[in-house]
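Labels A, B, C and D are assigned to the chains in the order they are written; within every chain, residues are numbered from 1.
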Amino acid sequence: MTRDASPPARWVPGGGRGARSDQKAVHMCRWLAYSGTPILLENLLYRPVHSLIDQSLHARMGVETTNGDGFGIGWYMPDKDSPAVVRDIGPAWSDRNLREIAGHVVSPLFFAHIRASTGTAVQQTNCHPFRYGRWMWMHNGAIEGFPLLRRDLALAVRPDLFPHIEGSTDSEMMFYLALTFGLEDDPRGAVARMAGLVERTGRQHGVAHALQMTVAVTDGVRLWAFRYSTQRQSRSLFYSSRVETLKSLHPDVAFLRDIADDARLIVSEPLGDLPGAWNEVPESSYGVVRPEGEDEMHAFAPE
Amino acid sequence: MTRDASPPARWVPGGGRGARSDQKAVHMCRWLAYSGTPILLENLLYRPVHSLIDQSLHARMGVETTNGDGFGIGWYMPDKDSPAVVRDIGPAWSDRNLREIAGHVVSPLFFAHIRASTGTAVQQTNCHPFRYGRWMWMHNGAIEGFPLLRRDLALAVRPDLFPHIEGSTDSEMMFYLALTFGLEDDPRGAVARMAGLVERTGRQHGVAHALQMTVAVTDGVRLWAFRYSTQRQSRSLFYSSRVETLKSLHPDVAFLRDIADDARLIVSEPLGDLPGAWNEVPESSYGVVRPEGEDEMHAFAPE
Amino acid sequence: MTRDASPPARWVPGGGRGARSDQKAVHMCRWLAYSGTPILLENLLYRPVHSLIDQSLHARMGVETTNGDGFGIGWYMPDKDSPAVVRDIGPAWSDRNLREIAGHVVSPLFFAHIRASTGTAVQQTNCHPFRYGRWMWMHNGAIEGFPLLRRDLALAVRPDLFPHIEGSTDSEMMFYLALTFGLEDDPRGAVARMAGLVERTGRQHGVAHALQMTVAVTDGVRLWAFRYSTQRQSRSLFYSSRVETLKSLHPDVAFLRDIADDARLIVSEPLGDLPGAWNEVPESSYGVVRPEGEDEMHAFAPE
Amino acid sequence: MTRDASPPARWVPGGGRGARSDQKAVHMCRWLAYSGTPILLENLLYRPVHSLIDQSLHARMGVETTNGDGFGIGWYMPDKDSPAVVRDIGPAWSDRNLREIAGHVVSPLFFAHIRASTGTAVQQTNCHPFRYGRWMWMHNGAIEGFPLLRRDLALAVRPDLFPHIEGSTDSEMMFYLALTFGLEDDPRGAVARMAGLVERTGRQHGVAHALQMTVAVTDGVRLWAFRYSTQRQSRSLFYSSRVETLKSLHPDVAFLRDIADDARLIVSEPLGDLPGAWNEVPESSYGVVRPEGEDEMHAFAPE
């Protein structure tokens, strides 16, 4: 499916345990993507010790420790192509509706995102995930100098896609650029071309290191996750170890019993400190998760 | 189950086509309760011509034509005793999250409510439905002179229930009074005792006609609906005719094809103008809907 | 100041009492602009019988009777060039903060707007008035087929202004196009060029009647109001008669005693039914209000 | 004015530099009270390095470092007895309306509060300051076991005051209890009687250390601030040194130039690290600030 010529690596194995990158974040969101046996959302959003919702108050990795500028979840249901997307502008930690939904919705594939803004408006249309048809997109990172680059990037969006842009964030613009560049047919290639355009546009405006991203994107079946930054100092990104391995390592951890063996989690920050549970995605790489077949990991470079 | 001595009447038959009551509403909400084969919420909340969401902008019956002061939905899921309750303070008609949830949640029993306030704060804890354990309660109406009566009514709430009161509405107070008076064991009797207390407390404070209510309450299996007012001029309340009858009357109505034959709807205002579809609940009466067995309708009087 | 060759007409006299225009509104906001002796905002926003806040629940003129999709006020203070702009996404009628501000802010020049959306997101950045430096802009109307035209119009915005666009409305786009075309030096000409561009862009996309607008714009000293639509069936717009005349006509109206003789009000819908108080702005015309000197009214045509 | 028999101490001098108290906060708000020459609110809310708005994201003293569960400001205007109170439920740090108001409102006496909740609902009626007539009240602290004590405390509120309670917080209940006990005539005594009742009610329910409070209260002219907790380990509270002293100590600090010599600030956490600027209010004491005359500080004990 991917045109990446590099030999497919397994998604799971123990690479990427590199040193913490030197993060100069202007903002710092957090996200979680799940694929596997249908699961009650709250089992992942609220129950782990250092859950995503806990991270909205107390993130550990990054400049901003608070992610209180809105949140969003998106989930797929069996007989529906298009995912449900619920987003709101308050902090996730005190949002009762999020808790209700998480406590009653079961899904085999869902995204969750908590936002920290340092400039663009706190409004629903700036909250992740973004949706187009059956596709969802969420992002942690930034386009450096985005106000300067925004117009040129907007012009590059396919005219029939342009009216769908509702918010003012770099993240949504990246999504529509990727759609413009063929996301629906070739996710890896489309994201690479988007990244390349952002970097070229940055250089034209004197921005040396334009792109900083960890992105998750899905069509409701497969799930892609990208870690890349122009400066090769990308935000953190982790994927979960095989659950069966974890269960044998930690037979006494109650939390794991609710997680099926086929569960795949990709997160911007580990949920809890369980030894052996989390593997860092290497710098400049991307992974693919699919319901059947082996996960893959490849090198990633802009085009 | 009920202690009401009056002979059970069928819930469905065609009584109650009485003249419109002379409504002197101080506020005017709208609600809908569904019981039957699991259904996608949007089939009832958005698809009918004069749907509940449409009523939030353009209600026809009542003084206030706009119900823009918050909304709520509550639904039951198979393996969960306690319902999910999602409430928010903006108008329902423009709420994207409500639309997303309604488009992806399937439930055999749900409540929906749109609020019009003329005084108490527009806040989530004042939005219906209210929940206690597996019980839900919603209301259209008012306690006349509630600020005057509020303290005495609050004192009558069972001390261990008192801390659960979160908002400032008469509707929530009525719920906790009904719980105090045994709602979980005897819904009809508890509501009758609540209504009696409200009327007595009203008279002590010089309020001649203290109560005006149409209430829906459920334990997740059965559904009770009450229509009563001290002045015997209650807000409107309707129940749906048998769907199989409607389908034979209107074989060309697309909307009906998505509705199962066992569907029961109770609404404060009819959804659309389909002839034969709606029957008015008579003044001073209450009905019971249960998954199996005949529906019932009885006279209601405060105790 | 204006380059309009037509002989200046007095702002006040009795033209424009034309028949109600046949409004095919897709959405319908309401606004009010005040200039004159500093006044407590609530004297105009809440006290009149058919005040702007009352119109948020019960507008009379137009398809949408409810304007509950957000609101905004903007006011100037003596020692500040730039106005304060407070906007929120809930209905104005229940907003306590709006009432608090209106009850404590005194200003010689302010705008107020209530919004009815039928499509673009209900978010703060879509609420009026919009601000750029010391300029404010608000609008009732629509660009027909805006999703189709949006990209071309966005490209016409001056690149250094482009990043200031935060929302997704036609109204904000019109403001930035007017700024692009010299609003700060020549308001009448800039609005005419904006209108011309919108109409030309519309025709290129097969939209025959692209523009429908009543616009108010101010630099904090002078106030311009435009009424125009491609089809020459513009939304209503009214200006107040001289207050001294009204006081002699209605010596018993308490409301008028709080209004100074130099007060000028421009409104999309009259506040109350006071005979002689309101004059309709003629089709295809614009007016200028300034603290000193006569008000003016001129014909308006796109360029 | 006060009945406190202890000899009045000066408000300003350098006592109270005690060790940091061992805080076991369940929640932790922050507040600021200003009295002095009319000042633009933003000069105190946004300009200082460690301003109150900055504290909403990064408070230093206390368990909760984030105060993102709503905020409020209240200010007095010359010809108005009753203060304006603006409150909202989002985080202060991203609230544009707060910034607009702070940038355009000038007042001789104002309160500002940022809230951190760990339980009671995030809603406008739970945000501080609370208002009754011309009085305002704000609080940092908690009544331990409040759900248990709430009913008994509610019963102690004067019946005619009871209907004014709109929210569900301990802070608002404390205000209405103080009003019940004569706040308008004897602030110190009323707060002492409120504190005594809370402690007695706590002991009746097995709560050993019921009260933890720093409270600010004003009638629009004078300003009282209380620091007290049953355990004598009260939350922090600071008052500003004389501005003229600070200006001579720090002639180069630009921020100070906008502050008049008569300025009095009372804050739950110092704004910035300016040496000599802040004095801790001693444990179990209260202060009075008035426009004319010396400030006072006295011992405080419940009655």
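The definition used in the following text is that contacts are C-beta pairs under 8 Å (C-beta built on N, C-alpha and C of every residue); 3 or more make two chains touch, one makes a residue touch a chain.
What you are looking at is a predicted structure, and each value in this text was computed from that prediction instead of being measured.
The minimal number of chain-to-chain contact steps leading from chain A to chain D is 1. Residues touching across the chain C and chain D pair largely coincide in numbering: over half of the numbers involved belong to both copies. Note on chain placement: the centre of chain A and the centre of chain C lie 42 Å apart, centres being C-alpha means. Look at where the CA atoms of chain A average out and do the same for chain B: the two points lie 41 Å apart. For chain B, the set of residues touching two or more other chains reads 96, 121, 124. Under the stated contact rule, the graph of chain-to-chain touches is complete, every pair of chains being in contact. Only residues 75, 77, 80, 84-88, 96-97, 100-101, 103-105, 124 of chain B touch chain A when the two sit together in their complex. Chain B meets chain C in the complex at residues 57-58, 65-66, 68-69, 89-91, 93-94, 96, 117, 121-122. By the touch criterion stated above, chain A contacts chain C in their complex at residues 120-121, 123-125, 147-148, 150-151, 154-155, 159, 162-163, 165-168.
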